[in-house]
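Lettered A, B, C and D in written order, each chain numbered from 1.
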Amino acid sequence: MSSSNPQALLIPLLLAAIGALLFWAFWSGLTGHEGERLAALALERVPESGASNPVTSVLLNFRAYDTLLELAVLLAALLGIWSLGPAAAPYQRASLLLDSLVGWVVPMLIIAGGYLLWIGGQAPGGAFQAGALLGAAGVTLALSGRPNAGLPGEAWLRVLAALGTLVFALIGLTLMGVGLGFLTYPPALAKALILTIETGATLSIGATLAAAFLGGRPRAKRNAEP
Amino acid sequence: MLDPLALAVALPLLGALLVTMLPGWSRTLGMLTALATTGVALWLTVTVWSGEGLRSDLGGWGVPLGIGLRADGLAAALVAMANLVALAISINATGYFGAAESSRKFWPLWLLLWTALNGLFLAADLFNLYVMLELLGLSAAALGALTGTREAAEANLRYLLVGLLGSMTYLLGVALLYTAYGVLDLELVAEALTPGPVAWSALALMIGGLLLKSALFPLHFWLPPAHANAPAPVSAALSALVVKAAVYLVLRLWLDLFDGIATLPAAMLLGLLGAGAVLWGSWRALRAERLKLLAAYSTVAQIGYLFLFLPLLTAAPDGDTRERLLTALVLLALTHGFAKAGFFLAAGLVQKSTGHDRIRELGGAAQSLPAATFTIGLAGVALIGLPPSGTFFAKWVLVGQAIALGQWWWALVAMAGTLLAAAYVFRVLARAFNREPTPKCFLTDPRTEIPALLLAALSALAVGLAAQPIAVLLGAGV
Amino acid sequence: MSHEILLTQLLYGGAGILFFLLGVWSFISHEPLWRKLIALNIMGAGVFHVLVAVAYRGLDAPPDPVPHALVLTGIVVAVSATALALAFGRRLDREAPEHTSDAHGGVDDREDGTHA
Amino acid sequence: MNLDPYLPLAIVLSSALPGVLIFLLGEDSYRLRTALNMFGALLKIVLVGWMIWGVFHGHVYESRLTLMPGLELVLSADALSVLFVALSTVLWLVTTIYAIGYLEHSPNRSRFFGFFSLCVSATVGIALAGNLMTFVVFYEILTLATYPLVAHRGTPDADHGAKVYLAYTMSGGVLLFVGAVWLQTLVGQLAFTQGGLLGAAPEALHGQFIVIFFLLLAGLGVKAALVPLHGWLPQAMIAPAPVSALLHAVAVVKAGAFGIVRVVYDVYGVEFAHDLGLLTVLGVLAATTIIYGSIKALSQDGLKKRLAYSTVSQVSYIALGASVLGPIATIGGLVHLVHQGIMKITLFFCAGNYAETLGVHRVSEMNGVGRRMPWTTLAFTVGALGMIGIPPVAGFVTKWYLGLGAASAGAYWVIGVLLVSSLLNAAYFLPILYRAWFRPPPEHWPKEPVLSKRLETAPSLLWPPVVTALLAVIAGLLAAAPFSPLEWATLIAEREYGR
């Protein structure tokens, strides 16, 4: 980066000017707004949503459609990664000490993930946090030399990766089919449906993140891991 | 109670999930999904055409808490075009990819892309649009790299990054709008929006981000390599539909959200960039050595035409003039969608049968593939703007209104673009006339040729003459 | 609206805008892929900052859950995009550029604008 | 059910649909292709006959498709369009027969005949166009449909000729397009109206009208080969003979001339155009073209090139007729639309016959062809004498009316132009006739395939020129009979001048 280039000076100056404008806009947006935005409305309707954690209510009920498609984005990324070539060479098998540590950490991560999934209904937590922990478990396994990061072979991995989105979409379509409208949960079933969707999503997110970390097409042969 | 809006998004998504899980069945399941989705899309269009705008509140919460989907005439017109083109691309792909490994990679990503397209055209929520843009961008970049060459990977990585830059910029605009107005539904924001720093910043950020994605000159640099190096069916989708989706959003925001905020000088600026795109894109198409690169630069130019309409739309008084301009604009967009998809599919055929697509060496190939050559010819008619293609009538309105509104310079640009387009199209077609032996039959591989030919024929012969129903569709709805 | 809230929002959101612009600057002035990718993630973080700032309603009121949900969605989307981009980068690293086979396709493609 | 609104459309489709089907045929389906061609051509003749009868009896035929408010495609039949439609329909039939024989063993016949049919459909569309936009639509389709015919042979020369053709016609098309759109923004939809429709417009617009007239004239002049826009025509000679025949006699050149007539009479109105001073410009251009084309023709040794420059010259008689105010000159110009077509197509058929039968392409090779091919040469002689304007061939009628009209309008310089051009016509045609009839034939012709056992050449090559030559004589001899081209042109002129 040569600083003698006039561009090198011009761009920061320009960006600074834009920054000032944006800040002005942000300030006037904050001060000019009288109401509550969506907060009050959302908080008020949380009890009907089937989850007592407001963020979960928004994610899996009020704006569930966004979340459904976000899972699709995740799947698209994984499919894209697979289409770009085979996975990287596996890491060297970990030493005995590290290996036994991994044997400890991975079950802990899985249990923690399960806890986050369950608690998401009432407190911060939920499918994404839980899925991230499962993914982390996979990453740990991969780093310690398991070539498949604890994931099943391609056929089952495909099912696992698509499962969460599939459950989500099928529930949405079924609700439309019975006349309630796409993704419109009946209040009585909302809690159960949300939990079902979150469970599927957690598994898929975990599997997808771990598979993405491997960085390529899964191996054809099934390589079961303990 | 079936909801065509939700189905148009959910069906291709469901198909994508199924073909992900059952890759061995991908062609069958993929084609079934394609047929069902197109059916739903046409049902949706006919419903809007017959006078009801469609709107549905997902989750039953209603705005502003929930997310809405809606279809007015503009959305329905593009949905119909996109789904017909996507169906043709699907049929072509069954032949193009065959049962090879690449077919397994193609189908799930392709159906996800389709999901994103329908979702984007029907979205009524500003943040949901961001998610759709990302789904579109990711699946498009992954599809574009399916050829497996290094050039393709390089070009599509650039495409992915530029797309991300565009959508991040767009998202900051959405964040500002939420800060000031506290809602995300497009119509609600539009009602509340008043001129001021927030509106101007959001306009600049959102439109700017989308311009990057719609490859408006001089932000087009990523498009030609990405579109030219993808597998032909994917190139067709990228050029005909994906870029069009971004342009649609620009238009949607310009007309619905920022109506009254977007000033004439701003529109003039976009028109100017459009003019640059027409001239520069056509010129580069004329100089391109490869058929697919020619088609890609032609897309840059054709996108430019769409932006020539913005200063006219902004300057036009409400009512009749505006409606005619909008009809012409949509006519142009639809025609280009059909034409460019047909063109790319035919180019793919040529490339497959000769092993390359260098224009100078095409000679015999062009003559021995009459169906592909005809496809390129018909699509060429639409790209140049010869009658009876929709482009011709669209340009008729464009030039007429440019003169009537005192902005005659756009007419000059449009005419120069026409001549350049004629030059680059006939540069290819001239290769079809030589002393090679006569081909025995018109079709050589019906499954790949017929979809391409039908798309091109639609663009050159049908869309333009169907201007009136399209005008009715646009006048209907919300 | 109390001053404490506005000030917090401005500071936090202002920092977000700063992040965003730093990201933009880094994106346009650095060529290597991984720098662009980090730049994009910083831009994203900036936007998420703004949203989180908007959600803040003081210490004694629960925050607006909608921007929080948007941020969560945004993070997953950004992670997906980053993962795909990294896979692209790995694909490119795996083989050195071929100069031999299809020379003019490449040259023609690159002519206007690898600088972006 | 009233079928009248569908008749103009049916006339256009009667050649367009067979054309599309022909594209899809395999190269070897000779019989099916010929059957489709003949079916289309005959059906068109029947339909046109029906239309002539109807128009004469005052029926209104109009097909209309609305695209947007103020943007309509209209096909309708008035006396002028019927004149052109009838000409192209009859000559298409003859040319199709000729082309089937001419191309019997050449490659890519499906492509050729497909575009051939589209070309005629476009011409008929031009003739029937009921407003300026429809005219432009078919005018551009004509460009598109003729390009592959010019490029058909696939040689480098053909490629070059086609490119030149395209460059001229596309540029002209763009000018025409801008002119038409501009005019429409000023005065609304431009339905062709007898007597014109601009005369009533406010005077402030007159300046723009003049500019627009030049735009339109430039666009139409390209196809009509007005000097200096004629450069493509000699280059396009590279096309096969039936194409040349079609381009010169029926389709392209005639479409340009017909367009000029439409614009002068039915858009501007001849009197209004005269008031604006536009007729003088048109007249000077036409006269220049007539003289220039004739002079260039003198020095051409290639037979088809000489005929091409002759076309440049002869077609401008039509524009010349339009540029002189007064019904008699109008009649002369309009009737030449038909007469030039019949005579020029005869000449091109004959040129094709010499080339196919004897390998003769140049005037200098034509010594004694009359003895070897008497019927063809007789037909050629009739065509050539007609071009010079010798009675009783049809060309005489044209020149007579043009001269009379010029005299009655006081435009005596036109008579001078006619005289000079007739002398030049004689100077480049008579030597050919002399060589053909009176010089001894060479011992060997450049090539001599056996095309027929009894006749001088293949029957499908021989009959078309004989028939068209006969038509040229009949049109001259029976000029006063009802339904003759002259009578029809008189009918049009009466309606244009509102008498």
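In this section, a contact is a pair of C-beta atoms (placed from the backbone, for glycine too) under 8 Å apart; a residue touches a chain by one contact, two chains touch by 3 or more.
This structure is a prediction, so every number in the text was calculated from the model and none was measured.
The most central chain, judged by the distance from its Cα centroid to the centroid of all protein Cα atoms shown, is B. Of the two interfaces, A-B and A-C, the higher number of touching C-beta pairs belongs to A-B.
Put simply, the C-alpha centre of chain A and that of chain B have 30 angstrom between them.
Chain C has its Cα centroid 17 Å from the Cα centroid of chain A. For this pair, chain B with chain C, the centres built from the Cα atoms lie 26 Å apart. Mean C-alpha positions place chain C and chain D at a centre distance of 66 Å.
Multi-chain contact residues of chain A, defined as those touching 2 or more other chains: 22, 26, 30, 36-38, 42, 62-63, 66, 70, 73, 76-77, 80, 84.
For chain C, the set of residues touching two or more other chains reads 13, 17, 20, 24, 50, 54, 66, 70, 73, 77, 80-81, 84, 88, 91. The complete set of chain-chain contacts reads A-B, A-C, B-C, B-D.
Residues 127, 130-131, 134, 137-138, 141-142, 145, 149-151, 153-158, 160-162, 164-165, 168, 171-172, 175-176, 178-179, 184, 221-222, 224-225, 228-229, 284, 288-290, 293, 358 of chain B are the ones touching chain C in the complex.
On chain A, the positions that touch chain B within their shared complex are 21-22, 24-26, 28-30, 32-33, 35-38, 41-42, 45, 61-66, 68-70, 72-73, 75-77, 79-80, 82-84, 158-159, 161-162, 165-166, 169-170, 172-173, 176-177, 179-185.
Residue ranges of chain B in contact with chain D, taken from their complex: 320, 324, 327-328, 367, 370, 374, 381, 386-388, 392-393, 395-397, 399-401, 403-404, 411, 415, 418-419, 422, 426, 430, 433-442, 464-465, 467-468, 471. Of all residues in chain C, those touching chain B in their complex are 13, 17, 20, 23-24, 27, 33, 36-37, 40, 43-44, 46-47, 50-51, 54, 66-67, 70, 73-74, 77, 80-81, 84-85, 88-89, 91-92, 95, 97-98, 102, 104-106, 108-110, 112-114, 116.
Contact residues of chain C toward chain A in the complex are 1, 6, 9-10, 13-14, 17-18, 20-21, 24-25, 28-30, 50, 54-55, 57, 62-66, 68-70, 72-73, 75-77, 79-81, 83-84, 86-88, 90-91, 94.
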